[in-house]
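Here's the structure we're looking at; comments come further down.
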Amino acid sequence: MNPVNYLYLAALLFTIGATGVLIRRNAIVVFMCIELMLNACNLAFVAFSRMHGNLDGQIIAFFTMVVAAAEVVVGLAIIVSLFRSRHSASVDDASLMKL
Amino acid sequence: MTAPLQLAATTTLAAGTSTGEAFQFWILGTVAVIGALCTVFMKKAVHSALCLAGTMIILAVFYLANGAYFLGVVQIVVYTGAIMMLFLFVVMLVGVTAADSLKETIKGQRWLALVCGLGFGILLFAGIGNASLNEFNGLTQANSGGNVEGLATLIFTKYVFAFEITGALLITAAVGAMVLTHRERTERALTQREMAEKRVRDGKHLPPLPAPGVYARHNAVDIAGLLPDGTPSELTVSKMLRQRGQIRDVSAEALNDLKALEQRAEERLDRTEIEPATFKREASK
Amino acid sequence: MENLIALLIAAPLLGAAVLLTGGRRLDAVGHWIGTILAAVSFVFGAILFADLLGKNAEDRTLIQHLWTWIPVEGFQADVTFRLDQLSMTFVLLITGVGSLIHLYSIGYMEHDERRRRFFGYLNLFLAAMLLLVLADNYLLLYVGWEGVGLASYLLIGFWQHKPSAATAAKKAFLVNRVGDMGLSIAIMLMFTTFGTFAFGPVLGSHEKPGLVEGASEATLTGIALMLLLAACGKSAQVPLQSWLGDAMEGPTPVSALIHAATMVTAGVYLIVRSANIFNLAPDAQLVVTVVGGVTLLFGAIVGCAKDDIKKALAGSTMSQIGYMVLAAGLGPIGYVFAIMHLVTHGFFKAGLFLGAGSVMHGMNDEVDMRKYGGLRKYMPVTFVTFGLGYLAIIGFPGLSGFFSKDKIIEAAFAKGGTEGWILGGVALLGAAITAFYMTRVMLMTFFGEKRWQPDAEGHEPHPHESPKSMTIPMIVLAFGSVFAGGFFSIGDRFLHWLEPVTGHSHGDSPVSALTVTLATMVVLVIGVAIAYAQYGRRPVPVVAPRGSLLTRAARRDLLQDDFNHVVLVRGGEHLTRSLVYVDHTLVDGVVNGTAASVGGLSGRMRKLQNGYARSYAVSMFGGAAILVAATLLMRAV
Amino acid sequence: MSFPLLTATAALPAIGAIATAAVPAARRTAAKWLALLVSLATLALAIIVLVRFDPDGARYQLTESHAWIADFGVRYELGVDGIGVALLALTALLIPFIILAGWHDADPLETGSKRWRPTQGFFALILAVEAMVIISFEATDVFLFYIFFEAMLIPMYFLIGGFGDRAHAGSDEKAAAQRSYAAVKFLLYNLVGGLIMLAAVIGLYVVAGNFSLQEIAEARANGSLDMATNTERWLFLGFFFAFAVKAPLWPLHTWLPNAMGEATAPVAVLITAVVDKVGTFAMLRFCLQLFPEASKWATPAILVLAVISIIYGALLAVGQRDIKRLVAYASISHFGFIIMGIFAMTSQGQSGATLYMVNHGISTAALMLVAGFLISRRGSRLIADYGGVQKVAPVLAGTFLIGGLATLSLPGLAPFVSEFLVLVGTFARYPVIGIIATFGIVLAALYTLVLYQRTMTGPVKPEVSAMPDLRARELLVVAPLVVLLIFLGVYPKPVTDIVNPAVKSTMSDVHKKDPKPEVEAAK
């Protein structure tokens, strides 16, 4: 098997995640989709790392995880406070930018 | 190290891939894609989260197969273990049972999303297909001193600034999350008396709220009591349930059951002259 | 001795500066400061005159270089003064008559609370006029040229609270500006033709012309015509004459000094100064004579119809300057006589105006001659001086005007050919009309029965003789009007004095000098006789009769003002108003229209911003896809 | 390294602006004095620059050069030539007068209000504009120039929109609406110009590889930098458009009357006498030096536009009913003269144009500031509301007349020298255009004298009968300007000496020689 397949898999997962972000309204699910996209990227990085024979790709993936963790913490906090004030977790309800 | 890990290690130290890995890839890859699709399309957030967790575990296995032992473990421990749990907590806070409608409300959004997604995917595939990625060096050399040690060397030398900055970022994020979710009390708490007076002043509901219509079900507090005319009163249900939209009404079936039961009891007791009133709710349905 | 030249100008300039910035503290002595500084200037002029007289005719040119004014690559204008016989003549006329009129004004303006400022303006005028005649290049002359225009503007509009005065002042300045445009174009032409506009290099002397000889006749004609335009503006020649009549709104001493004796003759100075240019541009000379001839008749006709004594005199001024311009246009035959008539005219016309001022002074500022009559008994000094001026202007034998005007008529005939006959005829006709209208003025003012009535408030004027400070200048000027012409002509003194600057030729007249003189006498008598028949033998009606078509047209300045009003003022108003509209709707409208259409477009685009984060995410995602596609395409290409 | 004198002239007002803005709300007067002192100190520095500048020395003097954005070849390069130093001095000279004239323009409407801060802002903004204008005159790096050319729009926007003329015919709301319209119009016009220029600046970088004016001009002169004809023309147009908007040239002028009409008189002076000069200055410095061939190519069209500006501006000035708008249109006419002088491509024209920039600054300042004093007394900008002012306030009327006479270029006053040089310079090469432009002097007399006649002469209107004459502060503003007008009219040599060498260099940049006089040419 060609390890390039990992990249195809990563691309597929990324695309699924992106589509999910676009079509789901529940903020939590949207968030999960974003996590999925990040994970897809990580997979690609790891595959690249193996391809190039050095560990830099893994380092990047590691940092991605850390940043994702930070993002999740803040993002979920936002969702919670949004829910508190609007009693809804739908991203469409937060449309104050409308006209 | 566990057995699969060792298996992966022996294979990935070489530049190529073994049949075992191919087998593993195709099976687990399919599962991962299905998991991802389920994440997107499950109606309930809890299900989505569970599917995502599954996908992530599979990814962890792929990491291991690619020689990223440290990352594989971190993926399971930190990501699947900690972050996904956080998700579940929030899902519970917001409401486990609430199912989203998957009906699209924005005109053209779904089509555009699908077109963009497909297009983007095709482009990515084309890009990967075009790239000359046939050379695989393998990690034999890089992992020779141990994967964790190798990563550590890099993190604390070449990437030390990035590392420190991500540390700062984490702390900031933690503080930020606290600030966002924490509500500071800005004035003195009202005494009970003041609260009572305020209620009177505001002309709010003064007496205690009515009790729910308890119809001995598995969770009867979420069933609204019926007003004399037979309509359910939302006031009888807890505010939190109201907000989550988790009020159930006493279903017509249950009422009919009740009616049948009563009728049978009447028959048995030979008291048939009383005809119970039909529920408006039933009629309107 | 050259260093005195700057002092000539500096004295009145200092006076102007002190009087105009000094404030109320100087109110009590301001008029004396002004008069004394004017007199100082005259004294300097006299000293310089004596100095010049002591030199040979060829050496009578003094140059004083003060500083380089505008030094720019290839362009240099200096503050340099040139005092030669021509400018000397003017200096004496300006400072002499100027000083007398300063003196006169002390009495005339006695009751005006802004007298100090009046003297400041008068001094400013003297300085500017001296600068005009002393400048050694055309650009510096231009400074004086506009300077006198400014002084004239300020003085005509001195009684600014009268809207008519303010309007007249503005009109004078504007019409003059049209002339100034000519002067500036002339200077530009000179610069591009000769590379300089200093008198010395450009003009040379009359024996040995300077750079002008190298230029084409077309260019020289252009320059000459532009100079003529300038002269027309300043000297109130047709077609730019319309301001002079209105300029009589100014105080009478101003009319005497600026609008009779000095400033209005600047055009003649300009033409005579530029003699070497005109000599080489015969076409332009012809135009000059035509302008002079037309104005001569125009002014005279207007002068016949006016009932306002000052306006009648203004018409006369116009006409007399027409004589000078005519003479100047004749070339070397006429230059000297143009200047000579200018000087004698300076005396008698200033005297006449001062007399008119004296009459007005005694008549509660009434200017309508129909409300005078019989004043000779009430103001004898004024009567005598005015009468002498009158005799001088009509050319009564032996008096100043006789000598100078007669020479001009002679010179006109001497031009030769058909032109000579026409010009001579016009000049003769002008002399007849002059005799007519001046006799009319004289008769209506000083003879006949008294015709004044109490004004609306019941004050009846009490005509009386003016104070000494006013009569003395009148007497001095009357003296000049009587004797100057004779003094100049006997032994051709004036001719010899000016000839080194202007050059002179006799021409060959088809008619003898005696014939001309006799003809002049004849038309003079005819003019006086007609006037006497009309105004001396019959009582003058207090209300002006309707009069003939020509009279009515002449009363309205031969309709020229109406023409200006309809074509220029109205047309201009329409033009500016429509331009304001165009600016607002079209020029601004294009911009605002663009803004509006962009606004409309963005209003539509705004609908795309529906506020849903997911919509934005789609566009971001689509953008990312396009970027990836573009990257791939670029790689593929 | 020597003391960075040029940086200091710009930095001083900039620091002064910050300091003025930081003065506490209640200490308004202190802020005013601070601003005035800073502007005077800047003037002192400008005089030092003037003294240290050697007209016959190198073209750019007192140069400073530091790396700034190395990746794009952007450098912090300053240097002044004769033209720059003259305008630098003009700017530094006018600002103290502007501050002094606007002493009470930003005072609180009710007395005793403690929390009123805009006063500080007003003076700080004026100083900020000064700093930016000065550095624009000094910058020899195209990018550096561009930044400040654009940045000065920001303080100007707030000066126009935030501190309007209190003498307004309509209601307060209407006044505010018109003011913000004027401010937005000003901003948009200049921004559009600036954006187009930005494109040209980037294009220049692509072609030339750096932003240094001196290097590019040198490379152009010795032929090592060759531009395709079309490239050069497009770049030229990009630059010229921005400068023509700023200048302003017909038909891009309509922002000026609005801006000058709505702003307070000192700010109007700031716009027309200081800020707009950057546009004409930049035409001389950047358009001609960087794109000599394209400049020559565009000359006929620009001259036609300039002549239209002259006549059109003057005619519209005649038709105005509002004193300040009248002055604005007169300025448009004068800017036409300046642009005409620049593009006549003769020494006289360009020297005259530079001199014109200086003189126009002084004369417009004199006229506009006195007009501002007049307007503040009566509370109306309409000409028809005045009459007979001369009788009650003779000094005011007198200074107004002198300002007006300067505007109509009376010989003996400074503007005459420059106007005549421009006309002569234009006439030498383009006689027809020169003659048409000469009509402008008649129209100038018309609008000035009509304005004077309607406001100052005639019977005294009851509303103006109690009008006080100029106060000491106001006289202090006007008197030096009047003296300067007369002095430079009689003895302009100090300025021409500085300007001439710079003009000579510019002429050699565009490879143009003055036409020879006809008589010499014939020989």
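The first chain written gets the first letter, and so on, giving A, B, C and D; residue counts start at 1 in each chain.
Rule of thumb we're sticking to: contacts are C-beta pairs under 8 Å (C-beta built on N, C-alpha and C of every residue); 3 or more make two chains touch, one makes a residue touch a chain.
What you see is a predicted model; the values in this text were computed from it and never measured.
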| item | value |
| --- | --- |
| Chain at the geometric heart of the assembly (C-alpha centres) | D |
| Between B-C and A-B, the pair with more C-beta contacts | A-B |
| Rounded Å distance between chain A and chain B, as computed from the means of their C-alpha atoms | 14 |
| Centroid spacing, where centroids are CA-atom means, of chain A and chain D in whole angstrom | 57 |
| CA centroid of chain B to CA centroid of chain C, Å | 100 |
| Chain B and chain D, separation of their C-alpha mean positions in angstrom | 66 |
| Chain C: positions in contact with at least two other chains | 610, 612, 614, 618, 621 |
| Of all residues in chain A, the ones touching two or more other chains | 18, 22-23, 25, 92 |
| Contacts with two or more other chains, residues of chain D listed in rising order | none |
| Every chain pair in contact, whichever chains are involved | A-B, A-C, B-C, C-D |
| Chain A residues within the chain B interface of the complex | 1-9, 11-20, 22-26, 28-29, 31-33, 35-36, 39, 42-43, 46-47, 49-56, 58-59, 61-63, 65-74, 76-81, 83, 87, 89, 92 |
| Chain C contact footprint on chain D (complex, rising order) | 188-189, 250-251, 253-254, 312, 315-316, 318-320, 346-348, 351-352, 388, 390-391, 398, 405, 410-412, 416-417, 420-421, 423-424, 427-428, 431, 434-435, 438-439, 441-442, 445-446, 449-450, 453, 456-460, 490-493, 496-497, 500, 503-504, 507, 514-520, 522-523 |
| Residues of chain B defined as touching chain C within the complex | 106, 109, 112-113, 116-117, 119-120, 123-124, 126-127, 130 |
| Contacting residues of chain C [partner chain A, same complex] | 606-607, 609-614, 617-618, 621 |
| Touch list for chain B against partner chain A, complex | 12, 17, 19, 21-22, 25-26, 29, 32-33, 36-37, 39-40, 45, 48-49, 52, 55-56, 59, 62-63, 66-68, 70-71, 74-75, 78-79, 82-83, 86-87, 90-91, 93-94, 100, 102, 104-106, 109-110, 112-114, 116-118, 120-121, 124-125, 128, 133-143, 147, 150-151, 154-155, 159, 162-163, 166, 169-170, 172-174, 176-178, 180-181, 243 |
